[in-house]
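Okay, so chain A shows up in both of these, paired with chain B first and chain C after.
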Partner chain A sequence: MLRYILRRLGFMLLTMLLVSIVVFLVSEVAPGDVARHVLGQFATDEQVELLRNQMGLNQPLYVRYFDWLVGNDWRHDSKVGMPLTYTRARPGDELEWWAVEPDGTLVQWRMKSGSLEQIRITTDGERTLVPFDEWDTNKDGEEIFWGVDNANHVVLWVKGSEDSTGPASAGRTMTKGGGREYYPLKKGLLRGDPGISLRTNRPVGPTLTRRLRNSFSLAVIAFAFIMPIALLLGILAGLREGSPADRAISLFSLITTSIPEFASGVFLILVFSFWLDLLPGASVFVDDSTPLENPKMIVLPILTLTLVEVGYVARMTRASMVEVMNAPYIRTAVLKGLPYRRIVFVHALRNALMAPITVIMLHVNWLVGGIVVVEAVYGYPGVGLYLLDSAMFKDINAIEAGSMVMVALAVSTQLIADIIYTFLNPRIRYT
Partner chain B sequence: MSTNAHLQKYTNRLRKLGQGLSIISNSRVAVIGLSIILFWVFIALFAPIIAPRDPLAQDSSAINQDPSTTYLLGTDHLGRDILSRLMYGTRTILTLAPTSVLTSVCIGTTLGLISGYFGGLIDEVVMRLLDAVMAFPAILLYLIIIAAIGPSALNVVIAITFVGTPGIARLVRSLTLDIRTRDYIRAAETRGENPFYIMFVEILPNVRGPLIIDSLLRVGYAIFAIGTLGFLGLGLPPPEPDWGGMVADARKFIWINPLGVLWPILAIASLVVGLNLFADGLREETTRYQ
Partner chain C sequence: MHILKRTKRNVHPYVPELREQYRNGKVTRREFLRMATLLGMSVAGANVFLDGKQAAAAPMMRQDIKRGGTMTIATRVPRVDHPARFSWIEGVNEFRQVCEYLTRTDWDNITEPWLLESWEANETVDEWTLHVRQGIKFNDGSDFTAEDVVFNFQQWLDPDVGSSMLGLMSYLQPTNIEMVDDYTVKLYLDVPQIGVPENLFHYPAMIVPKTFEGDLTRQPIGTGPFLLDEYIETERAVFVRREDYWRMGADGDPLPYLDKLVFVDLGEEESARIAALQSGQVDNIYNPGADVWQAVKDLPGINVYSAPTAQTFHIRMRVDQPPFDDVRVRQALKKCIDRQKMLDLAWFGEGVLGHDSAVAPVHPEYCSKPIPAYDPEGAKALLAEAGYPDGLEVELSTQQARAEPAMAQSLKETAAAGGFDIKLNILPSAQYWDVWTEVPLGITIWAHRPLGIIVPALAFTTDAEGNPGPWNETRWVDEEYIALLRQAESTLEVEARRAIMCQMEDIEAERSGHGIAFFTSVWYVCHERFQGVRAHPTNYDLFDEVWDAEA
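Right, the complex of A and B next:
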């Protein structure tokens, strides 16, 4: 069993690796340019080119991929000549890249009116600005300096060059007299850093965690409603196959599952927030507050998910229940004179619930899709909407991180489903 | 002899058709589903004749209007006639959905036949690849594919084909595995028939039944997906009338024109429900006879 699980986990990692490569390739050939997206349609081509340079988009694809996967600070620290570290300089600061001096002082450089300036933060948190003039001379006789700037790049500055006027937008603070070469520093996904969102210019990690938490709460609450309702309906329908109750439940579940989430979602908005004016029609809340603090806002998303999902699970349960109730051993139990209640609860349910449980776990993929749509309908700040926005923007780091999470989720739920099934089914367990 | 044989053939066909119809008419659910589908097919076929207006014509003096005698279902945010857009939108969705299912049936059937008939390494490779595709949330695949190749009618078909193919391949493979062991296949092999002849002439006709029902369900799902893609802005580029896109547009103006969002929702819901009722009724009736 352990070997089986390990093999499946290995397979999962392999899948994720392949997916990450495919996503990278795909986003490479996709139309549109993220630098152009960031700067807007009125930016000049020079500005776009400069931003592409600063974002490292001009490097070859495989270099970018490996930077994303395993990081590139260890490739670039020799340029700066100092170890590089990704840390919060002082409590409460953002995570940033710094060069570290031997005594632990963190250093960045920035260009200010034509000359370099050093930002130093000592180990006890004292920040000083020091004019900097230790230029090297390269073989062409230019005075150059490799350093770390305050926007997470390793930069090659050339003294007195008029190379660049950086565009300032979307929080990117580039000023006159930028560098000649830029290498955006990355720690790499394998070392726990999914990089910086090209869309918001903020680290993907924290945003994604928050979004995941939101989506997860939505999914868990929805699941807590869906399962009992669906199992109950399915069992009721299955016990009385062909009765009016069964027909009604079957028809109801067929109809609710076949209507797309966006249609039922918008319909619910129309009814509950427009006509009845009971609930808010959008679930937009500030990123820091949790969905649980705004219970009113998540009623409609959950109702939408429940409507779509209940039918599916109920139909599964019904089919399984019908099959079990027609099995010879149930007939034997009836003929033995066992009370009906005991037959249903002790004999039938155990076997009848086995199939739905695994099918439901496999259904997680479907639920994920539903959640993406529901998030889009209600503007709910979850991981699905994040992925959708990022895909529209070609924000490769965010897309990659989001896809990895989703793939891991999908594959691991399948693994869990298989394991649960093995434990529920003695015929498999004992062979 | 030939006239007799022909006659025999046609009466056989007629009888089969009759059986098919009686299966449908036996199930009230299937009849209701079929009528809904036929209603929309009718609208799609005759959209240019029955649509009161040009679906793309904008009237800036009549924006977001309620239903009136001029605009039977009202107008959208650009002053376009919602009824006409709905009618033309039927054409889009009723072309794209069957097309994408048809292509995925072709590709999936071929893969499934090859995989199931040859077995061995080919089977292993094909199935592992398809498993990998199936492991993904469909929505993620749509996002990645559409993000890569851009939103257009053709690309929607490509995306839905890609997502739908593995399921069909699996179904056909499992049926093929069963049929492969039959005597008539053995006979064909002994005759020295070409493997592709065996696959497509001997096996394929025998997987037809389950495949047809599965495809019907898939058309319903394809419509579901096309609507969703349109709603997410990954469907047809504007100004093409596309139901999902119409819902997305109207949703922004829901406070001004609540009915504008209701019509496309009702349209898509009724079509998908109709298809599912039909497929479900058909499946129930056919399994009852088996």
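Right, the complex of A and C next:
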């Protein structure tokens, strides 16, 4: 069993790796340009080109992929000649890349009025600005310097080059007389850093964590609602095949599953928000509170998800229940005079639940997909809306991080389903 | 009457003449105000000059005003860095609460001094003196002086900063800015330009202190009425009242009246915003399109304000590529536009019709022309003349947003009778902005600008080397037109400028690469408890004098 689980986890990592490559390739060929998007419709081609350069988008695809996967500081620190570190210089600061001097002092450089300036933060947290003039000379006789700027790039500065190649004029930081070459520093996903969102210019990690928290709140509550209701309805219908209750449940399931979320969502808003004025029609978070602190706000999203999912799982359960109830061993149990309750709960249910468990676990993925639509309809700040926006924006770091979470979720729910089977059916053994 | 004295002393020689024109009925009162403020008078001063008394501005009673309250606005919260590089109005509207401009173009399209006390232009309009208002402090406690103004000009004109102000102010070299004293700045322009005050309210011209390093979210320092509390891209931006803002409210205490502003990002989906407005979770929706307007205009408790604008959609053809390199083909397509039908379909009839010129009726120098009729037969004849007797197949690209898809659909239908077989290529917005200058035939939205000379200067001119400028999406370059434009840019007198515009509008309609079917209205949707709210033609959120009647 343990070996089986380990092997499955290994496959999961392999799947994630393959998906990450596919996502990278797909987003590469998808139309649209993230730099253009950041700069807006009226940016000139030169500005777009310079920002692409600063974002490192002009490097070959495989270089960008491996930078994303395993980071690139270890490739670039030889240029700077000092170890690089990704850290908060002082408590409360943002995570930034710094070069480290032997005594632990953190250093960045920036251009100020045509000359370089060093930003130094000692281990005591003392920040000083020092004019810097230790230029090297390259083989063309230009005075150059490789350093780390204050926007997480390794930069090649060339002295007095203001009018030649020019800096990336549309980058994050004003860099008068800025660098000639830019390499955005990355730690790499495998080393725990999903990178910086190109859309927001903030680390993906904290945003994604917050969004995941919101989505999971929604999904877990929805799941907790959907499954008992769906199983109950399915079992009830399956036990009395052809009865009016069965017909009613089947009809209800058919109708709700066949209406997509974007339609039922709008319909629910219309009823509960516009006509009855009972519930807010959108999920507006005006402060840092969590969804659980605003229960009213998540009622409609959960209801929307429930409507779509309940019918599907209920129909599956019903079919499975009907099949089991018609099986010879159940007839035998009835004939030998066992109480009905005992037949249903001890003999029928465990077998009948095999199929629904598969469906339920597959439905965790469906739920996640449904959440994308529901979040868009209600403006709910979850991971689905985040992924959708990021995909529209071609924000590759955000898309990759989000997809990895989704893949991990999909594969691991399947693993959990497999493990549950062994409890439901002792004949199943994995090796 | 301090204002009266100052304006009398500094009055521009043209202002008395303008008053004569007003008295003879040649210009309207609004045009007079516009021109007088353009020449450096305050609105109040100009009213006094015209009537000898204060205009009857709606008197705001002290007891009417309530202080406190929070306004929540549904919008986007984009990434921002340097204000000179702003690209999305949503982000501008958020930081406009913290930082201000040297001038302000108000809801009626009138530009007046703001962080400036006043301005003066010489008679040839190529030398401008800016008088900086004294006694204003940034929210970090430092004084606002001419030094800050010069710093901002240098930022705008520094190619390394990459501001669109650089193109707008191509008439000014960074070396021609002189700081006369602590509160006076002089600009020596290369060529005469009457639009300087308007340009100073162009959205990237937000004033930051001279210590600014390039990221507003890290250094939210400005002279404005609110302070930044929280800025989370794609989620929300929160601003709180500043206690020592320089402008006073009607009750004698410093503005603003509101305590807090919350901008929430609900994604692109309009239904979420409408539902949030309806259930009172937000008070205001940024820049509602025609569909949203339809959905919310009859909601109880919601006021809808509207303003005429020069915002329009250019049906634009690349004149450097076949088939639109033939002027007859361009004219044929323009004849195929059924303007009223298109406006009805795309914007529920809320707007005014255009005649293929970017100058709109709201512009002071607008020259009225007849609206071209829908003429498919004429189009067919022109196409045949141009060598397409059997009609012509073309692809029309535009973005999946606002009026564009409906316009494209309307054009496809009405142009079929004129011999055009139009294939539609409706792209997601992000993808359209990737190719908007490149597609042979497209529909592009152009934002409202306060003067009629501004869009032509951006869209129908050349760069320094004589190639079509970066925003010249049609590549249309007409020497006669550009010469007239340059003349208009140096003509202060509104009737003389209108005469030039009459010629320009004709040339544009006849030869250019764009058709303009209509100019839209903009709406401002807000909960009725907020007072002092109006629709701004450029969708700017000006909240300093807004107050909450239920606070």
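Basically, the second predicted complex is superposed on the first by the 417 of 431 C-alpha atoms of A that agree within 3 Å, B and C clash if a C-alpha of one lies under 4 Å from a C-alpha of the other, contacts with A are read in each partner's own complex, and residues count from 1 in each chain.
Quick note on the criterion: a contact is a pair of C-beta atoms (placed from the backbone, for glycine too) under 8 Å apart; a residue touches a chain by one contact, two chains touch by 3 or more.
Computed from a predicted structure; not experimentally measured.
Superposition of the two structures on chain A shows chain C clashing with chain B. Shared-chain residue A:Ala245: touches no atom of chain B or chain C. When both complexes are overlaid on chain A, the residue A:Leu13 reaches neither chain B nor chain C. Within the superposed three-chain model, A:Val334 lies out of touch with both chain B and chain C [touch as defined at top]. Of the two partner chains, both chain B and chain C are touched by A:Met392.
Contact with chain C, but none with chain B, is seen for A:Arg36 once the two complexes are overlaid on the shared chain.
With both structures placed on the common chain, the touch criterion links A:Ala376 to chain B and to chain C.
In the overlay built on the shared chain, the residue A:Leu254 is in contact with chain B alone; chain C does not reach it. Judged by the touch definition given at the top, the superposed model places A:Ile269 against both chain B and chain C. The single stretch of chain B with clashing C-alpha atoms against chain C, selected from 4-12, 22-30, 40-48 or 58-66, is 58-66. Residues 31, 266, 269, 274, 281, 376-377, 388, 392, 394 of chain A touch chain B in one complex and chain C in the other. Those residues of chain B that touch chain A in the shared complex are 29, 132, 135-140, 143-145, 147-150, 220, 224, 227-228, 231-233, 244, 247-248, 251, 254-255, 258, 261-262, 265, 268-269, 272-273, 275-277, 280. Residues of chain A that touch chain B in their complex: 15, 18-19, 22-23, 26-27, 29-31, 251, 254-255, 257-264, 266-267, 269-270, 274-275, 281, 365-366, 368-369, 372-373, 376-377, 384, 387-388, 391-392, 394, 399, 403, 406-407, 410-411, 414. The part of chain A that touches chain C in the complex is made up of residues 31-33, 36-45, 47, 50, 162, 166-167, 169-170, 172-178, 197, 199-202, 207, 265-266, 269, 273-274, 277, 279-287, 375-379, 381, 385-386, 388-389, 392-394.
The residues of chain C lying in touch with chain A in their complex are 72, 74, 79, 81-82, 85-88, 155, 158-162, 164, 213-215, 233-236, 238, 262, 264-269, 271-276, 278-282, 427-428, 430-431, 433-434, 436, 470-471.
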